[in-house]
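Letters are used for the chains, namely A, B, C and D, taken in the order the chains are written, and counting of residues starts over at 1 for each.
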């Protein structure tokens, strides 16, 4: 790894701002574009003409906004992604988050070396921490009881499930974990949770004050929602299409919070630090 | 302890509501007054004429509102405490929270046996749990970083300090505890926190992302506040007059949250359960 | 799953004894053979003539002793595995632990359906708990300092590494975790350990009171051992050939404990319960 | 506090050795006597003639052995305590552990300023850590089950009870705490243990795999011991006369381990560090 990189940070929200600041603090040469309304960004540039000199150009997470253009809430620019990439040189390293097939194709056409940092396992793990904290925050805000002593069911025992269960237990909740695989249930038991087979969940659902879904399938369908106590809170952390039948929940009068993209919302500064770590890992592995 | 008590729950907020419900669910004979606007209270009574039959009359926490009358946010009644006590019989057991000298005198004049449940050690300990959770909630809401990895200083190591430090550490924060007594510092170390002598705090204050004060003295004066980083959050859990020089903090642009009476706010249902436990302990000890 | 199974438990140590007892307590029909010297085994049989009636025959962990015969420390029998299998019928379900290629071939020849429960992920996870406790016990016995405050390095972050790090941290040690993969290091950090890149370990090895190796490669070679403090304890939990250069350690005068097969030694009753769970999972999946 | 003290460390076991080493490493002028057979003690002196120059003379814990003389297992000397004190000057500071009335009187006669460090609260708290670890070690060694999942009852919730319960819970045991006071039970609950009233323990004693007594009264009398399961392990951490009816336990065939003075046995180096801290606190407070 070289001592100093030339990095352009283009577009994005507070996470990109923090990323730019951290890289700058560590002595790298950092330029920013399409972040001009943010406070404290290093070296805001008027255009992308010198971006082709960068060792790496970092696009935001997600790279494209709802309109398909560069995701740049801190900017007046409504830049097309194609235009951004046109400013770069063949072979240049570009890091982007949640790159769409269209973006990948644009990069391929221009012979850019595009890496989607959102695919990196270490970013997913690190992001599970703010996601779990976000779930704790929602539970603290919404429940009229303490988490201490609360009966909590965590559905799914992947990254987010593991760290969410850990935090609720740490706060004194009695945590059960529902999963399909025997090995996941063995893990759950080894960490001190009550293991519940997902297939046999039906009899015990009435026992919970809080259900947190982390599984990417519609686990909480109408039949299961009906078994919950009326004042049970449901937090769904699964990405689209989510794991809860929202219509059924609404008819039953259950409170369901579908919480997406928590890291950038609850801890943007930490999320920026996680981006920085991941970008550095990518560049180290490339020998840049 | 008798199988069934006759208990009157008079005035108060959600905690009193929950207290009444819990006692009712356990088979006691419960009547309520001045809670008529709350949902689901057992046996709302039109007047206090039969209250003199009760084994125990429970007044709220605090017993008196700002205006000195019965604290009764769920009621149209603006009852004088003297009037409430007039309905009772000499020798009757009355439980009240934070009874003022005036209330104690009124009770003495009427030969009532008034017990202030807010003086009970077990209630103070149990209430420290929702207080600590409230501090966690505020920190999660206000900080742009995760508590995981955050550097947290807890000042004071009494009930609230102990349980607050425990929860922040459980969430992955690096917790230091400042106290005066060697024994408190030994406790802090035994629980895995970094002990800091309160007298020698000055050099290290710049290291924290969050300072939670639980000591009942103005520990965070202007000189110490000046040493905090500008984006350090301060949460003051100390009751009046508080432990932070608010004026100095304001001048320095520091964010300070002075959080009082958290249990009733963040977890009224649990706080009602704690009331129930404490009332039962009092009645058990009296042999009622 | 049927209400009652007919199970034969053949040979083995206290774990098999406990397995037989647990299955019996749950209402299954249990017979034992080659456990006759153990106390409290259900239905010890004189020969294997009725074993062919069993729904499942359970051989021990490992199935074969050092001499290649049935591993049966609680028995006078020195039975050949071939002889044991001759008593069974084609198609019968046999569960065995660490089945050798020779045993697999014997079973194949007899058309037995042999399952190696030691290959099951959930058994490996569950066994990591007693392994981790065994490491804690060794550290408590050998170190003249408390684990509270001790500086512990766990090398490797697989099953045993995860649960070992968890327990040392729970006891107040300051735990670092060394691993190769970024994702493992992200996990380590998410659980509150100090992540250390295995490749860059060399500078920091002098800082530890205890090093626990769980990686299956010779991570602690002579060059690294030299950097340890003379009173640093090394516990190697890796199976053969182990992860420590024992010769170099001996020359340096370092204390190294190579601890193998801990579950059966430190918690045979729990290890028997784990066997039971795993056997039941296998039979459930087979629809027996 | 001065930069450098002149300290004499007289007699004692590994703890005194470690104390002397630590003070020496920190730059103090340290002399030792009656430790001549220990390895690595600083400045072993032939006699006490210069001890009167010391800022502080530290006698061991306990100061007197079984024979009433100086407790000095690392020495040939069989010194009378009176003789040791005769070498000192009036007004000199002496620190001793568990000073007997006889020793106090000897010191008074010679106008020495004797402080019993064993009376210091911070030493008692700090020593509760190695005591709790010793209890964990015993349980790991003796129980054939993992502590993970074990049902543990801790009797008493003072210093040792608190830290013992904490460690067993941290290792995954299901911990109940029995105490008399409502406030202690509220603490137990706040830390996540199941609270049990000591008076109402009788019905539930059969549920435990391990009972750890920390209360200084004979809580486990014959009637209660009878209710334990035969394979329940009892660890008594209470000092003389202990909290278990040993005769009754023996008749019932129960395993009882009465573990006294654990800190010096299980973690002498840490216990020496604790002595050092406490001696320093005493000297700081005296303004030496």
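As a working rule, a contact is a pair of C-beta atoms (placed from the backbone, for glycine too) under 8 Å apart; a residue touches a chain by one contact, two chains touch by 3 or more.
Given the structure is predicted, the values throughout are model-derived calculations rather than measurements.
J.: Please flag the chain sitting at the greatest distance from chain B, going by CA centroids.
T.: Comparing chain centres, C lies farthest from chain B.
J.: Would you kindly state whether over half or under half of the residue numbers at the chain C/chain D interface are used by both copies, giving same or different?
T.: Same: most residue numbers at the chain C-chain D interface appear in both copies.
J.: Determine which of the two chain pairs, B-C or B-D, is joined by the larger number of C-beta pairs in contact.
T.: B-D
J.: Any idea how many Å lie between the Cα centroids of chain B and chain D?
T.: Result: the chain centres lie 37 Å from each other.
J.: From the C-alpha centre of chain B to that of chain C, how far is it in Å?
T.: Distance between chain centres: 50 Å.
J.: Multi-chain contacts only, two chains or more: what residues does chain A have there?
T.: 129, 148-149, 172, 189-190
J.: What residues of chain B sit close enough to touch chain C in their complex?
T.: Listed in rising order, the residues are 148-149, 172, 189-190, 192.
J.: Can you list the chain A residues touching chain C in their complex?
T.: Answer in residue numbers: 120-123, 125-126, 128-129, 163, 166, 181-183, 185-187, 189-191, 281.
J.: Quick one: in the complex, what on chain D touches chain C?
T.: Checking each residue of chain D against chain C gives 14, 129-130, 133-134, 136-137, 140-141, 143-149, 167, 170-172, 266-270.
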